[in-house]
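Here subunit A shows up in two complexes: once beside subunit B, once beside subunit C.
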Partner chain A sequence: MPVKVRIPTPLRRFTGGSEEVGADGATVGAVVEDLERQFAGIKERLCDEEGRVRRFVNLYLNGDDIRFLSHLDSATKDGDELSIVPAIAGG
Partner chain B sequence: MTYIHGLRCRECGAEYPHEPLHVCDQCFGPLEVVYDYAAIGRAMTREVIESRPRNLWRYRELLPVTCDPVVGPYSGFTPLVRADRLAAALGVAELYVKDDSVNHPTFSYKDRVVAVSISKAIEFGFDTVSCASTGNLANSVSAHAARAGLNCFIFIPDNLEQGKIIGSAIYGPRTVVIHGNYDDVNRLCSEIADKYRWAFVNINLRPYYTEGAKTYGFEIAEQLGWTLPKHIVVPTAGGTILPKIAKAFQELAQIGLVSGPLPKVYTAQAAGCAPVVHALHRGSDLIEPVKPNTIAKSIAIGNPADGFYVLKAVRESGGWGESVSDAEIVDAIRLLARTEGIFTEPAGGTTVAVTKKLIEQGRIPRDESIVISVTGNGYKTLEAVSASVEAPFVINARLQDFDQLYGSLAPPPRRAIGRE
Partner chain C sequence: MNAAPRVAAAARAPQDEPAGRAGSILDLVGNTPLLDVTAMAPELSPRVRLFAKLEGCNPGGSVKDRAALWMVRHGLASGALRPGKTIIDSTSGNTGIALAMIGAALGYPVTLVMPENVSRERKRIIAAFGARVVYSSGLEGSDGAILRCRALLEEAPDRYFKPDQYFNPLNPQAHIESTGPEIWTATAGQVTHFVAGIGTGGTVMGTGRALKARNARVQVIAAEPDDALHGLEGLKHMATSIVPGIYHEAELDGKVAVPTDAAYDLVYALGARLGLIVGQSSGAALYAARKVARDLDAGTVVMIFPDFGNRYLSTNLWAGWDEWRQRHPSA
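Moving on to the complex of A and B:
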């Protein structure tokens, strides 16, 4: 079972409307590469030219913000859940 | 009459229609409302504003509503208190407290952003309103939803003060407590908003919601006689209010209602959750999220999505920012209560304490006008100060017992600290 990736509304046009897709990779960065292989163009929405995650994108691995883990080098395994969430703020 | 052109991405400038959208499809940046300032300038004069009821809708042309508002008729236009005793205690000449602790109906600045966003939800035809909240927002959404007859769901983290939880539940929403902190609640609500098509006031209605915060700034200018203060200190949680207060002053200047230099704006955070202040002090644009650990729960947002805009507004204005410890926050709540009779919650204590720190550092000069932004009420967070008030004297109901007590007390300290 690959990594389950939750896709927010603005990105579903890349995934044919799917809100959850599977992707393979040993790290979050590798999972993003696999998403790009499956759904061309999606990586540019998530990462800038230097390959860093864009300012207004949050990536959560099993509920943890990857910035508290190892960013794109955070290790992933089968069955993990990666959520892509556009940044929204307070209340 | 509408003065709204549409929405635009704050990051990349992509344009969007006037709909319940909040995120740019291109870059995920936040969207903001675009106004026709030329038309607004013709419609809004000081006389027109002054003729209107004393509520936040006074400035309606600069707010993103197109129909007559049906919520928030008593919200806003809170006191701007001339704080001479606090000024004396801090060693400054001219100090004001903008006091949203008495905002209507739920005693925090949130009544501003909620009145605007619920008006918008009604305009867009939603029948369910919702929010992710550290407490004050849930109180406000629940109350306004009740008065408007809308269904309501609120989502809160599991470590909130009791007062804030009861203070929402009493209005009859469905209350959902999430195991986790505010950032966890926020993330979940973003996913729920996507799926359920509800009006999340601070998510899918966010561009309209945030505009309500400008009224805090509009009122300060009007209450100072259509002049601008030199310095204003604002607490920072998710980063909504500070940039919008700065924008409010800019807009008033743009349409010719005020003139003169724009105020220096300072951000105030608790040391236990100060990601924006850290970035400011590092000279960086990148905000590293933190895990919050502070009594100032209403500003305990470790991942402030508008933090970048706070940094921009602070730097462009020539301001600065500081963080303060929980002990300093509690001392500041007591200081404000004892000098000005205003009881604020830890976010307000943070702002008072940071103002004190910035004055002592020489960042804020002692001879220029300063506004301290109070955004919430201390009665909702009694736990934060319960260990810091003196125990009362306890006696039997006999005059001689009181005589004995009074005789044993040292003379009361001189209270008129302005007259030492």
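Moving on to the complex of A and C:
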């Protein structure tokens, strides 16, 4: 059972509209790489040119912000839930 | 805890009070200053000036005080808002703060639907005004809050008054009657370009109409995020959002796509160079205004700075500040 990744509305055009997809990897970074392999173009939205998570993107692993874990090196295991949460949009 | 709503406070004209004194917090909405920010763009022609309208000077701390006050006043005048009703709307923050402030001042209860990931400061401010908050999923953004609010209304339509900032013509009307004339007066009619971000579209539409009515050659330009996934809180990427009913793109003379990182860097630069701490949508406005101004030989470009930065101090906006400071040690 892979990591469950929750996809926000602005990125669902990459996942064919799916709100939740599965991705494999032993770290958050590896999960992001697997997302990119499945849905080309999605990584560029999440990470900058140097591969770091963009300032305005929040990644929550089982509800915890990975900035307070080990960033992209945070360890993942089967069944974990990774949520991609964007900034707010609109007045 | 709510006594009889203080309707009179909304109806009373501010001029009943001596100059320099206000009878109600609502009398302090509008008449915000224009600040010369030309120094932020040394590359421009010496005959071009940039001004920012500091909407953070409104009592609720943002440009949204204007639209919220106009919508509520109209609701009172039309009878759609009357004792026993609760003001409800979906909002990512500033409109919620404005409505909560107005509800407190007038004695009406307020319920706000917003994404759960709005900043901690906003939640605290809204709670301080005594409003009730219903959270929608952070994954769904402001569109999720719009849909959740619609569902609440359908359950009990008679209980609520919904200003509906995305569809209410009083939202742009507030700017036709206040923001536009204020800019015209403060620039002595010299404004040539107007730049504002798009959230609901109320500010750019209404102010643009007011300025074009006085001088049809004024160019009205909207700033919008360059991508559906962005960090410009308060702004909407129209191509991928529920398009507000008050937004009419055909009235614009142009749009500028703003990268989030560039807007954040301008927020840092405004603090370090001008002593002005603003929110990310102000950085976006400055990015767009500079882009517009670079092509000009002469002109007066006015932009909206929707709020100050103190309500974003806990957000990701500041995550890159240390690095920016290292790159700009003399700023």
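The criterion applied here is as follows: the second predicted complex is superposed on the first by the 87 of 91 C-alpha atoms of A that agree within 3 Å, B and C clash if a C-alpha of one lies under 4 Å from a C-alpha of the other, contacts with A are read in each partner's own complex, and residues count from 1 in each chain.
Keep in mind that, in the parts below, a contact is a pair of C-beta atoms (placed from the backbone, for glycine too) under 8 Å apart; a residue touches a chain by one contact, two chains touch by 3 or more.
If you're wondering where the values come from, they're calculated on a predicted model, not measured in any experiment.
Asks: For A:62, using the defined touch cut-off, is the partner it touches subunit B, subunit C, both, or neither? Pick first, second, both or neither.
Replies: In the superposed model, A:62 contacts neither subunit B nor subunit C.
Asks: Have a look at where A:38 lands relative to subunit B and subunit C in the superposition and call it first, second, both or neither.
Replies: It touches nothing on subunit B or subunit C.
Asks: Given the touch rule stated above, what does A:27 touch, subunit B (first), subunit C (second), both, or neither?
Replies: A:27: touches no partner chain.
Asks: Report for A:83: first if it touches subunit B alone, second if subunit C alone, otherwise both or neither.
Replies: both
Asks: Using the superposition on chain A described above, determine whether A:6 touches subunit B (first), subunit C (second), both, or neither.
Replies: both
Asks: Considering only the touch criterion stated at the top, classify A:15 as touching first (subunit B), second (subunit C), both, or neither.
Replies: A:15 sits against neither subunit B nor subunit C.
Asks: From the superposed pair, tell me which subunit A residues show up as contacts to subunit B and also as contacts to subunit C.
Replies: 6, 8-10, 19, 45, 54-58, 67, 83, 85-91
Asks: Enumerate the contact residues on subunit A facing subunit B in the complex.
Replies: 6, 8-10, 19, 45, 54-58, 60, 63, 65, 67-68, 83, 85-91
Asks: Can you list the subunit B residues touching subunit A in their complex?
Replies: Residue list for subunit B touching subunit A: 11, 22-30, 110, 131-134, 136-138, 180, 182-184, 186-187, 190-191, 194-195, 201-203, 206, 237-240, 286, 288-289, 291, 301, 303-308.
Asks: Can you tell me which positions in subunit A touch subunit C when the two form their complex?
Replies: Going by the criterion above, the answer is residues 6-11, 13, 19, 45, 48, 54-58, 67, 83-91.
Asks: Note which residues of subunit C are touching subunit A in the complex, please.
Replies: Residues 64, 91-95, 114-115, 117-118, 138-144, 146, 165-166, 199-200, 202, 225, 227-237, 240-241, 260-261, 264, 316-317, 319-320 of subunit C touch subunit A in their complex.
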